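Structure first, commentary second.
Lettered A, B and C in written order, each chain numbered from 1.
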């Protein structure tokens, strides 16, 4: 699993997002350099998901700017180099595991889509269940498939929103190994985490959001562990 | 000050238009006094259409520029336009009853006006059902564009369908034309009603803008 | 080319998911049968009466059925947030609309063709001798319903009370389609069947206007 093209960096300045009267993100300004693996911590509602969705080009910021790669705005070409895992599975329940992967492989114009799909099904350990409907899968199996879907097109930037959700201990180890390999291949990673020390070990940098603002960044000297330690409210 | 002067001007124009339509315009030969409602009915319909045109342009500008003021303008003009259309739909039957002997007929113009009214009711209804201001502005702008594009189609289909519609009085052939005094009064009422529309849209826009600013202040208070 | 390829891939997905559940087609058929049967109580379905009321009733049934059927096309995608994944993977967002439009039109036409014999038998109206012409009318009318309907479904999916809202937004927009399709169908079912090309042309114009609008503005409806 290698990265296609140069890894993408990400830079935001004075980024703000509000929903009605609620400020989800306040004046975020930071840069993630190509090849970095950043773990993002914070309470529920601290703005992690909102930030990741803006970075994926799914949602527009209210003000401020966000650059991915050298582009000013997130164009379709850039969007197609991003691997995205969201809260929800983003899978069709009425399609089989194989059909789901094939659909996204075809959409993304991957030439050997069938080979690529088979390869990922093997890696996720879902090869035997490839012809079962996703509806019949457990949460952990769906999460593995979701991650496989995000890696299909060998993206240059991974945006993972709590990728460990629903995974059991072997699943977490598999995910950590996968992330490590992707990172070593040069892909930029930005993932929000809730605990899960094994996944945090992949990170080369950590940031913490509180109420939509950047509260801590390991670049300013703090250790990754202490940045990721979310204080009890 | 400027606003008050404009308001005064609008009131004077409306007063003059009302006076003129009752005392300056001659009484129509066949329909009699009731025909004078025409000076309110017909210009209102045109002014309503002007208001919806403003909504359409504001919708387009919002989609491409994403500035909230275009959304404010769109909703203001749509509400005022709807008020005018309502006037048209009320004065129509009042005029029709003594002349045609019925309150309502599914005649082409009446029916298309009614569909127009429904379209913009739906537009305003949609706006009440989306919470987030940006999402509301964007979704309703696209619906507003759809609605406006539908207007000529509605009009054409209903016209083809009900071809027995009475000839328009203004643009009809020779002999059906209006008395020159009638035309002048019609022009007066049109200008007066148009000025009122502009005044109302402005007032409504300011209200909407204040609402938007109140939101910003509330947000800042929360942030502090 | 990329647009067509993406559309084909997504269309394939729409068909597969629908054929697995068959939710839409079955509910739509049951709904149309219900309307057709219930309507027979409101007038005496003799051959002459049916010719007068039949086409309108048929198209009203199709219109209401479509407003039910179009509902899930975006709501289904919200369930697991699949729309976001498709948006990120599609080179052209218009393909998402085109695929849904093609699938919806196909489902609607399928139910219409299944319902036609039922209608013909119950209402004593022969349709066989005009079937090719009727198919043309059904196609252009259904395409109109689905073009506007797919856009409006994307709008109503963002609002509260979406199930109620879709018909309210859609039906006034579709009044020209209802008129044109009904008139064209009535002309075909009359004693001397005529294919009214003017109405078919009108439907084609409606389809074209809304298809262009969807192409220009549809992508804004997918934004969050």
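To be clear about the criterion, a residue touches a chain if its C-beta (ideal position, glycine included) is under 8 Å from a C-beta of that chain, and two chains touch if they have at least 3 such contacts.
Everything numeric in this text was worked out from a predicted model, so none of it was measured.
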item	value
Closest chain to global C-alpha mean, per-chain Cα centroids	C
Chain of greatest Cα-centre distance to chain A	B
Centre-of-Cα separation between chain B and chain A, whole angstrom	50
Where chain B and chain C are represented by their mean Cα positions, the distance between them in whole Å	32
Intercentroid distance (Cα basis), chain C paired with chain A, Å	38
Per-residue overlap in chain A, given as positions that touch at least 2 other chains	60
Residues of chain C whose C-beta touches two or more other chains	223-224
Per-residue overlap in chain B, given as positions that touch at least 2 other chains	131
Residues on chain C engaged by chain A in the complex (per definition of touch)	2, 5-6, 9-10, 13, 16-17, 20-21, 79-82, 84-92, 223-224
Sites on chain B touched by chain A in the complex	131-134, 215, 218-219, 222-223
Residues of chain B defined as touching chain C within the complex	63, 115, 118-119, 122, 125-126, 129-131, 135, 138-139, 141-143, 145-147, 149-150, 153-154, 156-158, 160-161
Touch list for chain A against partner chain B, complex	18-21, 23, 26, 60, 62
Chain C residues within the chain B interface of the complex	148, 151-152, 155-156, 158-161, 165, 168-169, 172-173, 175-176, 179-180, 183, 198-199, 202, 205-206, 209-210, 213, 217, 220-221, 223-224
